[in-house]
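Both of the next two complexes hold chain A, though its partner changes from chain B to chain C.
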Partner chain A sequence: MERAVPLAVPLGQTEVFQALQRLHMTIFSQSVSPCGKFLAAGNNYGQIAIFSLASGLWVELGNSVLHFSLAHDGPVYSMVSTDRHLLSAGDGEVKAWLWAEMLKKGCKELWHRQPPYRTSLEVPEINALLLVPKENSLILAGGDCQLHTMDLETGTFTRVLRGHTDYIHCLALRERSPEVLSGGEDGAVRLWDLRTAKEVQTIEVYKHEECSRPHNGRWIGCLATDSDWMVCGGGPALTLWHLRSSTPTTVFPIRAPQKHVTFYQDLILSAGQGRCVNQWQLSGELKAQVPGSSPGLLSLSLNQQPAAPECKVLTAAGNSCRVDVFTNLGYRAFSLSF
Partner chain B sequence: MSSESSKKRKPKVIRSDGAPAEGKRNRSDTEQAIEIEERRIQSCVHFMTLKKLNRLAHIRLKKGRDQTHEAKQKVDAYHLQLQNLLYEVMHLQKEITKCLEFKSKHEEIDLVSLEEFYKEAPPDISKAEVTMGDPHQQTLARLDWELEQRKRLAEKYRECLSNKEKILKEIEVKKEYLSSLQPRLNSIMQASLPVQEYLFMPFDQAHKQYETARHLPPPLYVLFVQATAYGQACDKTLSVAIEGSVDEAKALFKPPEDSQDDESDSDAEEEQTTKRRRPTLGVQLDDKRKEMLKRHPLSVMLDLKCKDDSVLHLTFYYLMNLNIMTVKAKVTTATELITPISAGDLLSPDSVLSCLYPGDHGKKTPNPANQYQFDKVGILTLSDYVLELGHPYLWVQKLGGLHFPKEQPQQTVIADHSLSASHMETTMKLLKTRVQSRLALHKQFASLEHGIVPVTSDCQYLFPAKVVSRLVKWVTVAHEDYMELHFTKDIVDAGLAGDTNLYYMALIERGTAKLQAAVVLNPGYSSIPPVFQLCLNWKGEKTNSNDDNIRAMEGEVNVCYKELCGPWPSHQLLTNQLQRLCVLLDVYLETESHDDSVEGPKEFPQEKMCLRLFRGPSRMKPFKYNHPQGFFSHR
Partner chain C sequence: EVIRKRLLIDGDGAGDDRRINLLVKSFIKWCNSGSQEEGYSQYQRMLSTLSQCEFSMGKTLLVYDMNLREMENYEKIYKEIECSIAGAHEKIAECKKQILQAKRIRKNRQEYDALAKVIQHHPDRHETLKELEALGKELEHLSHIKESVEDKLELRRKQFHVLLSTIHELQQTLENDEKLSEVEDAQEASMETDPKP
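What follows is the complex of A and B.
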């Protein structure tokens, strides 16, 4: 098959370096602004880019990237938005930015905090951030195998939840109770009650035969919960669990380990190693597989902000410098690029 | 009137009287005879009156006629007078107009203005009192003055002419004298040659060079001057020389009469040859092409000596019809180099100077006007002729002071000294770095082909002491083959794999694991890093599209290359990158999590010290080596 050779542009040292950087970029996290019109994406070089979804949708690409700044020293593993702030976390600390300021160049972080770590030899990363709106607090979890709770008003760290034996990948909030679910490298999903600060339930996924896949490992890469139900995946297969009985009800037949999963209307969307965003019915059937532009996906983000219904899109990002935008879940509309 | 009326009445009376006279015949014939006598006397009287009247009438008529005649004569006389006068008037008017139109020659002469005249003219000519009032006198005076001035100037002119003649004669004499001096000076210079040699002052040699330099075409001349200046001022290792035949150069500028003679000769010759054989169209076209690509017989040679005694020989040529300069390069080393197989292209004259500046591949002519010239003679592109003519790099044009701006095409491009001077230093430095890096690569390739990654002692700190993976193979790969590999698609799509780059394949092995690395070496090596793409064959094929850790390994080597540069001038970059790949493969294999379901021990026991095996959402392995503690951590 003939491969189209791109035009040779005289490349100086800086151009080559930038091209190489973009080739090896990984976008770990995304977050939608409270007004729904902007998307922030964080990559492995510590940069955060703000994309304008509105201009990307109605005008063909062009200058959809407003700007990006070097925010962190290490990769930006997770980001979450409150109604005024963007919180980003990576190598050991969480930083807060004002959304209104982010749209201008050269904005500085509002504050940054580091949870109290036990060891000082290596700074553990923060893999997951979770907002608990009822308490107005933020839960951080990552490399030190603990969940820290931080009060957003005062900035103090209130609780520490210990129980995981290996680092934590992902968090999910079960609103009714309120309970927090955390999945980690040790292969267990643990449920924590926030009021009592104790572990309520443990599900060791790899021990169940239906879903365990030893050749992939036992790590839990992604979690999502819908009060009674939970879907998790990673090393073991992507499985839907009934929480009260702690039994796996449906195993989704996909071989590649999934890195992000979320409930959407009556579907489950998942993405991981492999180009596609998978859409599953609750019964376990694959409804659609929509290919994206990155060879592997690490995060999905649904823009469901009520303030901008015209920007209601699904964005997916992963092992490349591009963020794919799906306006209709059936196909990829276009990509935004760093 | 009354006579006429009486005459008319008379016949009537007679007739009427005649009739009744017949009746009374008997009365008396005497009465009748008396009556007839009376009547006869009456008629005679009447006749006399008639005559008188007639005479009177005639006299009156004549008088009348005389009067008329007189009056008429008078009138005629007046008429004649009038006509005479009119004629005179006309004549006078003509004279007047003639006089009025008369332009005397003196009005054509440009006289000096009135004020000037009164200022300059001597008083005996200007006679102010008389001339002020009388314009006629004034004009006369002015004309006088004019005449005098002219006479004076004519005198001066004659004097000057005679002076000039004299001086010309003097010049002739002096010229003869000087030309007689020339051979004497030559003999003195000859005599001084042995003195110069004795004192090591080769003025003569430099003088000769400057002599030949006079015949150089402008761009080569600019290059020669700037290079000599730079060599004298900044860089003693640079030497400049002119090669070629001066006579041929002189022959290019023969005066036209000679060429006409040649033409007539050649015409005669042509006639002869056409009788014998007509040259074919192809041969004609070939000749035209050769004519278009003709080089100037003189060329400038630059020798750049590097620290390790290797020399870069550059020969610059000028293509006259195309108005561009080209260069041919050759590298000679102090010791004889044994060229390893993979290093074939590194020092080849064709490619050693490729892309000295980014994008300057030297295959296309930089002068946009040349395209039209090529179309006329059927040359597609200059790259076909580049091997024999040399490469027309852009920096070569700049060193010759030729600037071909893309936006405003100029009519004629003239060689410019300042352009050359501004580029000389950077270009010379780049040339030296290029030669040195290529030579360093040459040596490194020799070692790589034997499976040893040559890491110098000052870069040893970048790697742990024990590296188990070994480099097994190092070969060159053709550009097309590189593009066909399945794991290099990203690099090709990003436009980093052009045809000016050199491509290699390295194979690193440890146990059953084989890591293939496809390397893109940019001609601007060591300021532009080599780019690696990996494919690991161990328990399946892993590339950057299906394994995040392979991608991370590529990132370690491609993006974080600045740590691996080593001491300036960073010739160690490639070997350090290869060594790092070996280390990364070690880490990858040893930190692979063991599959509990499969029996048997791990193939590669963990020997590297790592704080954590996995980190982050993509579960990266610890690829970063920390010195001097010697453990591996994550970036």
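What follows is the complex of A and C.
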């Protein structure tokens, strides 16, 4: 687990500090490069580490950390990749980096922007980023209970969507009708239409008896959507919803609140407070539970970039300094570490 | 090391080479030999060595042919195996596609099942329609009854009203008659007392 330091070697201050840092590290977000060969992970100290998946896969436990840089002042809560850039967001700001430059040391950010907040005093954190490829825009959502849309070409903030009464945890894009789903602490999943910039539908998850778990609260921690269906979880149980009729169809029987969920082929992968990545079938059966190395998982990332089919892996990261890499969904292949 | 040892053992070279050298030497000896018998035996010996050499040469030729044919055979097998490997690769790719398709189908089926479960919770449409019809009929029936009851009530009310008004009239007329008769009595009494004085 932790790097075993032999007792005979006297520990210097920096080593102690580094070990303590690694002990208390939480990795909040991950993102895969457009070429599919590198993985960026952002942690709570504001560092972004670039791991080389190709060398990690073919050379076991080789020196696969290229480098990491102190990117943000605060924790890096979410990251997303476009064709050439890596966008990372933390306490109030979005920064952009060029992927080609991130591979070298000492790269500087391309630009950073701050969405217009209501008061200039508050600096709310940005919890979720979402790319809308059709409009070439980025949606940010976070502590100020609003969704901001930013156009990636001009960098201006075009729309503000208001409606949530508490901060927003997660975003998802529904492709067919260009709608965005957002889930937050107030327990409601709201669907926004991007063209009219209005709220289309609200689903208050905690009000439905089948899935609400009042002892956990009503917050929605994770969202994933497949155009007709939506999975959401967090305080209420992880449930599969049919969006057209807004009815909960299947409740997945897991007690721990889930922090990240995604659709993959015919399965639903979810990860949360337990150690494992859970694989569910749409009927509610647990197909597999694959244990990882962190005590709690906060983010999952599937590398499905067509440019690198040999690096098609699932990576999971959470409450520790390690990123688990699963080559085959059945077992954990190895871990990359900060 | 091994080569050095073999060279030491063999002397002039390996078996066949040595035989050819011996043949040359024995030919020279035969040419220089004196008596007939010795020459003849020497001649026989030379012939035998010659035949031995021919034999070994024939053997090596056959071995060479065999090696050539084996090589061809191996080439053929190699090519066949390559073809089957390529075929297996294609089959694997196809099977992967089929797996994806099957997974999609399974997903669709599960979605359908999930929706069907929800739908099943709601009661059947026919039954609800029938219930609605029955309730509608009951409602009609009851409203008919209500109407008829109300009509009857109205009728009774009117009749009572007529009855009561006639009773009142009768009462009035009776009272009037009583008053009239009282007045008449009083008049008679006063008329009777009047003519007396």
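Everything below uses one rule, namely that the second predicted complex is superposed on the first by the 329 of 338 C-alpha atoms of A that agree within 3 Å, B and C clash if a C-alpha of one lies under 4 Å from a C-alpha of the other, contacts with A are read in each partner's own complex, and residues count from 1 in each chain.
We adopt the following convention: a contact is a pair of C-beta atoms (placed from the backbone, for glycine too) under 8 Å apart; a residue touches a chain by one contact, two chains touch by 3 or more.
This is a predicted model, so every value here is computed, not measured.
J.: Just chain B (first), just chain C (second), both, or neither: which does A:P295 touch?
T.: The first partner, chain B, only.
J.: Please indicate which partner A:S283 is in contact with in the superposed arrangement: first for chain B, second for chain C, both, or neither.
T.: A:S283: touches chain C, not chain B.
J.: Is A:H242 touching the first partner chain B, the second partner chain C, both, or neither of them?
T.: second
J.: May I ask you to name which of chain B and chain C touches more residues of chain A?
T.: More residues of chain A are touched by B.
J.: Give me the intersection of chain A's contacts with chain B and its contacts with chain C, in residue numbers.
T.: Comparing the two interfaces on chain A, one with chain B and one with chain C, no residues are shared.
J.: Which residues of chain C touch chain A in their complex?
T.: So the residues of chain C touching chain A come out as 100, 103-104, 106-107, 110-111, 113-115, 117-118.
J.: Provide the residue numbers of chain A that touch chain B in the complex, in ascending order.
T.: 3, 5-13, 15-17, 19-24, 26, 28, 74-75, 77, 121-122, 125, 127, 143, 167, 169-170, 185, 214-215, 217, 219, 221, 259, 273, 295-296, 298, 319
J.: In the complex of these two chains, what residues of chain B are touching chain A?
T.: Its residues touching chain A are 357-360, 483, 489-496, 498-500, 522, 524, 527-529, 531, 544-546, 548, 551, 554-555, 558-559, 593, 595-598, 611-612, 614-619, 633, 635.
J.: Inside the complex, what are the residues of chain A that reach chain C?
T.: That would be residues 228-229, 240, 242, 245, 247, 249-250, 265-266, 281-283 of chain A.
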